[in-house]
Amino acid sequence: MNVNLTRRRFIKAVIASSAVASQTGCQLGSKDLHAKGSVERLISLDINGKKRRVDVLPQETLASTLRYKLGLTGTKIGCNRGECGACTVLIDGIPNYACSTLSHSVRKRQVQSIEGVANKDGTLHPIQEAFVEELSPQCGFCTPGQIMSAVALLNENPKPSREEARQALSGNICRCGAYDHYLNGVMRASGQSNE
Amino acid sequence: MPSYDVMPEVQLYQPTEVDDALNLAEKFRQQGWLLGGGQDTYGWLKDRAKNPTALIDLNDIEAFKGIKATSTGIEIGALTTLRDIIRNPLINDHFEILAKAAGRVASPQIRNVGTLGGNLIQDTRCWYYRRGLACYRAGGNLCYADSPEAMNREHALFNASRCVAVSPSDTATALVALNATMVIKNIDGDREMSAEDFFVGPDTHITQMTALEPGEILTGIKLSNEWSNARYYFEKIADRDVWDFALVSIALVIKEEANTVKDSRMVCGGVACTPYRLNKVEQYLKGNPLSEKIITNAAKIASQGAETLNYNHFKIPLMENLVKRALRS
Amino acid sequence: MEFATLKKDVWGREVILGASWDLLWVILALTFIGIAMHAIIAAAKKRKAAPDSSGKRIERHEKIDRIFHWVMAVSMFVLLITGIFPKIGIEFAWLTIHWVAGLLLTVITIFHIFRSIFWQNIKDMWIGLKDFKEPFDESYKPGKYSLAQKSMHASVTILTLLVIVSGIIMFALIDTPWWERTNALSEDILGWVFLIHGLVSLALVAVISLHIYFGLRPEKLFYTRSMIKGWISEHEKDENHDQEKWVVKD
Amino acid sequence: MNNYKHIGKNFIPPDIYGKVNGKAKYAEDFRADGMVFARMYTSPVAHGRVTDIDTSAIDNMEGVVGILTADDVPSTEAPNAAILTNNPAFIGDPILAVAATDERIAEDALNKIKVKIETLPFAVDPLDSLMEGGPDAREEGNVFSRSREGSGFKKIKWTKKQIEEFRAGKEPTGEHATEWNYGNLEQGFKDAALIIEEPFVTTGYAHMSMEPRTAMAYWQNGTCYVYGSAQSQSFWLPGLARLLGVEQDKVVLISENTGGGFGSKIGAYPAAALPGYFSKKLGRPVQLRITREQEFYIGSARVGFQGWIKLGFAEDGRMTAGDVFIIEDIGPNATGGDGSSAGGAISLLYDPEAMRFRGLPVLTNTTPRGAQRGPGQNQIAAIMAPLMDKAAKALDLDRLEIRKINAVNNETTVYAEQRPVTSAYMKEALQKGADLFDWDTKQQFPQKINAPKVRGLGIGQGYHSAGAKGFDGLIRIAPDGKIHLYSGVGNLGTYSYASTTRAAAEVLKCEWDDCIIHNGRSDKNLPWSSYQAGSVSTYAQTRTNYVAAVDAVDKMKNIAAKIHGGKADDFDIDGRHVHHKTTPSKSSTYAEIAQAAIEFGGTFSGAIYPEDIHDITKRSVQNIAGTGLVGVAKDKLPQNGVIPGLAAAFVEIELDLETGKYEIMDYVGIAECGTVVHPQGLDAQMKGGAVWGMGMAGLERHVFDPQNGLPANIGYHQCKVPSYLDVPSVTRTDAVDLPDPQNPFGARGIGEPAMGCAVAALTSAISDALDGYNFGRTPVSSDMILNYVTGNNQSFKPLQTNNF
């Protein structure tokens, strides 16, 4: 027996009909809807500028699709809860936790993951270059997420203050504690001195 | 504990029309889960602590989004993201307290997708409840957080009734302070209610945080000009300045005239199951100047009636201090 | 249809949360059907003329007992309403009203137990084997209380005692002005207590519905009057009761 | 400043590119054909016995491939951690695993399995277990001490009175399990002009490495390939082989990158062996990804302390005696051993003339504990700092001065055995930090600033032994002139796997561009290298690389002598050539020498190698023999005494008396780790360590409900790992940079003291801001500060632990 369904708030339905009947009716109703109206599984996703046809389950998160369906394992799953930021990707240029985004909700949007940050010729994005120069990453697990947040920041604000950078990256945990080095990287990438 | 983190099987509906959404909400009722930003959704589902059969994604419904000026104030679509609220000129010009509160929610990424409606109707963060225990709030018969040795640092001081969980929403405190009106739709039509009535406590609604009934959708929030451009104060105290929920937060809007308080609304977050309005403080302040003595008295009045648990008595001085800070600001 | 709502708890056990409140509709429906059938059958039967209510009045219920009855009725109603309405979607702050009414019920019930033992003739209410002649023997007349009345009383007694005992256990586990709650009982025991309290309450809904129905039936209305005013007429008594078994004291 | 070519210079570690472009592969990023996904069912009870596992509901479930239970894996003797167990001793103890064609099906299946567990008494606070009649975390007992003399369970109970007295701050009179001492303690206290005596608590907390410990395994020709999340590389193999029940040469560990370890992945852990057994059972590759919650459960945590300390100081500030009693919260697996290390840290950092340590490791049904960055040393650093301040105040000394008076130096002898140190310059570190921080000026600033804020200044000192010896070095010069550097030290994110190989490049005087590092897979011919933990890598691995390179140079010179005539000593190297010292025309390139080495064979090509090298190194040498000039040697360089890694920190905070929150306004961390090998890497360690210290000082702690054993913090949110906004935007670091005589380049390690100095500086600063009030506790959360400021009681019992 489903607790949710039966627990409460039958009064409205009861006024209309008898309780037992209404319960069955509700269940039948939902079964009907399962058959029609729920999302199509085969969809097109725009990932790093490429259209990809993917078979996506209705409940699938973008992190799963990227990692397990498309092999883009640069997007890391640190907590799968929106509490660490390792899975940060850009959706229409805005940082999002891919672990907490349904793939179906990005059908009409542009997704950029860490694999799409470097230039087409393989040269590194200024953020990537600066992170190398500053030895920003330590274990590196949070780095793709840090980079995505930083890329979004610089796209919008090419010369951020250190405080703006700190705020913009604040949704990304680094357990190694390399925050200072990441901020140095952002400042360097934006052509500003770290002194 | 058995531990899960993969999204379980669930149907997904992505209606683009208001009527379709309302129909789906009505058809699924408790079995359906309305999806805004989803940041308080996926955890519940992944944990298998809540098991809806269908997600009703409201993000494709344009009518539920946006911020527009009306003749009496502004109206905000419930599906408007916190990011948009933080950056919106209308809000920043007239109801900056809301932008400020929204800016203290969770983390940038969560604010980027989290919606105002979702932030308002999010479930409480009581860690016992979130673990999936069969507590009062989950339909059970006991409270784990209010027991002789329970770890209840984050729990309620006021208006607890069996359940001692607190309201986690930062924007809720601001909206109650602004005397916002909530617009709720279902297939039969609309209803409106004040933000204060929208949030409900365990004495009446032990398994839900708001007056939203199954089948209903919170579609908009109206802010009347009553409190636009009033002097305001918002502060949230949390352990970490990202992600963490308020230990105590305060939202104040105040109008002064000839050095005395003409009117004010003051609301605390994190101390009760709903945004906790400090009615007595508001009444006390009315007509009084904001002298240090009045402020000190106001702080004492604010915490009257607090009932502490094992680990949360620090919230009393914290709340009193925030009241003082708000009034001194 | 299940009697209990269950939940798989975090320890992997199925725990009982309490009675299944869907049963309420079943109980109401069944009670309604029962009452309707009785009403139809009763209407089909030839009705005897009601005994005359004028003439000598005989005290059937002392004032204190009438007060007890009505206080009990009120508290029972309050308890059922505050207990059941929130379960069916009519939500209000019920808990304090509920336990205050529950305390009242408990106190007057204790009072009634003492009174029935020490002041009243408890045998008047006792159901004996002989009582079962009543439905089958037109000529058999009961004493002060008919079998139906005794049965009703017995049912209410059992149910009320159960609901009080389970209620007191639950009461001990919430915050009150006198003590703070503990999790003294494990979830599964608590589940049983809630289940008993819920099922008994549902049974009370049925029993009380029947009680009200019979109290309002035309041929029994004089009993209801007696519970309000205290008396029945001699005619009414003679018509329905055995003189020897119900000896009226002066 | 030195004149090294590589040592002390920055460089770009080769693996960093993968980290910034997303191509770096961590354990979970690997896939294998036919791979299935395993998920674990972990215990819902804090202590119990599994009585029945009913899997009938999933017997015919589509997509379910198999089940692994404790019966399928070797059993482990309590209290050691098992791969899977029928006797769970903490919430989250792995009981079984299910494999399926995808993770969701595996989780659906887990949800359907019915596990019956009979519950047993449990304890989440050591003092509850010590109390007479209190619960024992294991049926065998409540205390487990590990020592060289022997390890075993004990059942130790204190009387209610003893517990109460301890809680009241009195010297514990209950039984203890371990003890060491030196000097005349009684005399030390007699000589003291000041005695400070206080109880303390440091609450344990989870490592919460970013990467949850995924492992994937398959078998090929009798060899088990394990893709794991390992902190060390070669050091893992013996343990992993033991866990898998195979010979060391039958296991290959692939761990190219590791998403953080901090002590939690030093050696092979049981979960890394689970896929191996599962794969063997199913005959296909199995990957076990665990949830963040499970990483909390089995990802290790810091040992908690409940202790009492008594310090004696002479008039001049010199510490005359130290007496410390520590009850260690060692979790269910009796792991940690932090107590004695804490005692050792006191003896080293403050050099009391006499000292006693007494320890009592108590089992609890909380998450398993293990080494966590400065295990023991950092807890005690946090406790000691405010006490040093207190002593300074009482003796009317400057807080910096009292630390300098007691500072460890080259003459200091340490620990119970009063061993010498290789070198130590704490006084210099303190002075350097004070200068950079501007201690003298800052001290003049008023404490009261804009109400309600008050300032606090703190000084912290951190220590951890920072070196090891006896590991092997291996390099190869290929006929194309490239230098192949083999590093089996693990890749945790410190880049020491690479920076220490530069020691070899230094000896070979070669260009860094000509060097190729091999690491990340044990089948890449890696030597037996040190564990990447305990701050040892820099010291240990510069030595191994040094000895291997010296061996190579020696061979190069010998080959040159063979080619050009003369004696080996007549030749020298310049980075590309081996040439005759006096006849420069007699010269061969490294490439030519390498080619010749192949031709000469024997020791030159690695066909013959030293007998004293580890089996792992031997196998690697065998594999590369004949492909160039092989330099291989065991590190037998002289080593005597304790190798200290030291750090000092200075911090300024502004504490808000109305909220109990504080902001860190300035932080200076000074490393005293001998010669700086990799400046950027050192900077990263010092700053990362500071963030850890900040987390420990104010935010992170285990919280368990004593009524049901439930942990309150199972994710990042409740564990409160510091975010960008909880630490300063800029932190400053520097190093003393004086060489240690026992390392060929003068280097010592630093990873752990980098944190200890920070947490200590913060507890010192908080105490300073509150006019010397000492909480004697970590973390000091804002509610505690607020309760103190408002004169309210704290919410917890004195010495309570694992609570809010």
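Letters A, B, C and D mark the chains as written, and numbering starts fresh at 1 in each.
In this section, a residue touches a chain if its C-beta (ideal position, glycine included) is under 8 Å from a C-beta of that chain, and two chains touch if they have at least 3 such contacts.
Because the structure is predicted, anything quoted here is derived from the model rather than measured.
The pair of chains sharing the greatest count of C-beta contacts is A-D.
Using mean Cα coordinates as chain centres, the one most removed from subunit D is C.
Averaged C-alpha coordinates give centres for subunit B and subunit C that are 44 Å from one another. Distance between subunit A and subunit C, defined via averaged C-alpha coordinates, is recorded as 60 Å. One simple way to say how far apart two chains are is to compare their mean CA positions; for subunit B and subunit D this gives 42 Å. Look at where the CA atoms of subunit A average out and do the same for subunit B: the two points lie 24 Å apart. Multi-chain contact residues of subunit A, defined as those touching 2 or more other chains: 3, 7-9, 80-81, 83, 167, 170.
Residues of subunit B in contact with at least two other chains: 1-2, 5-9, 107, 131, 139, 144, 147-148, 241-243. Of all residues in subunit C, those touching 2 or more other chains are 5, 7, 10, 12, 17, 183, listed in ascending order. Chain contact summary for the complex, subunit C toward subunit D: residues 10-12, 183.
Of all residues in subunit C, those touching subunit B in their complex are 5, 7, 9-10, 12, 15, 17-18, 86, 91-95, 170, 173-175, 181-183, 185, 187, 190-191, 193-194. Of all residues in subunit D, those touching subunit C in their complex are 44-45, 114-115, 117, 707. Those residues of subunit A that touch subunit D in the complex are listed here as 67, 72-81, 83-84, 86, 113-115, 117-118, 124, 128, 131-132, 134-135, 137-144, 147, 162-163, 166-167, 169-170, 172-181, 183.
If you check the complex, the residues on subunit B that touch subunit C are 1-2, 131-134, 138-144, 146-148, 160-162, 200, 203-205.
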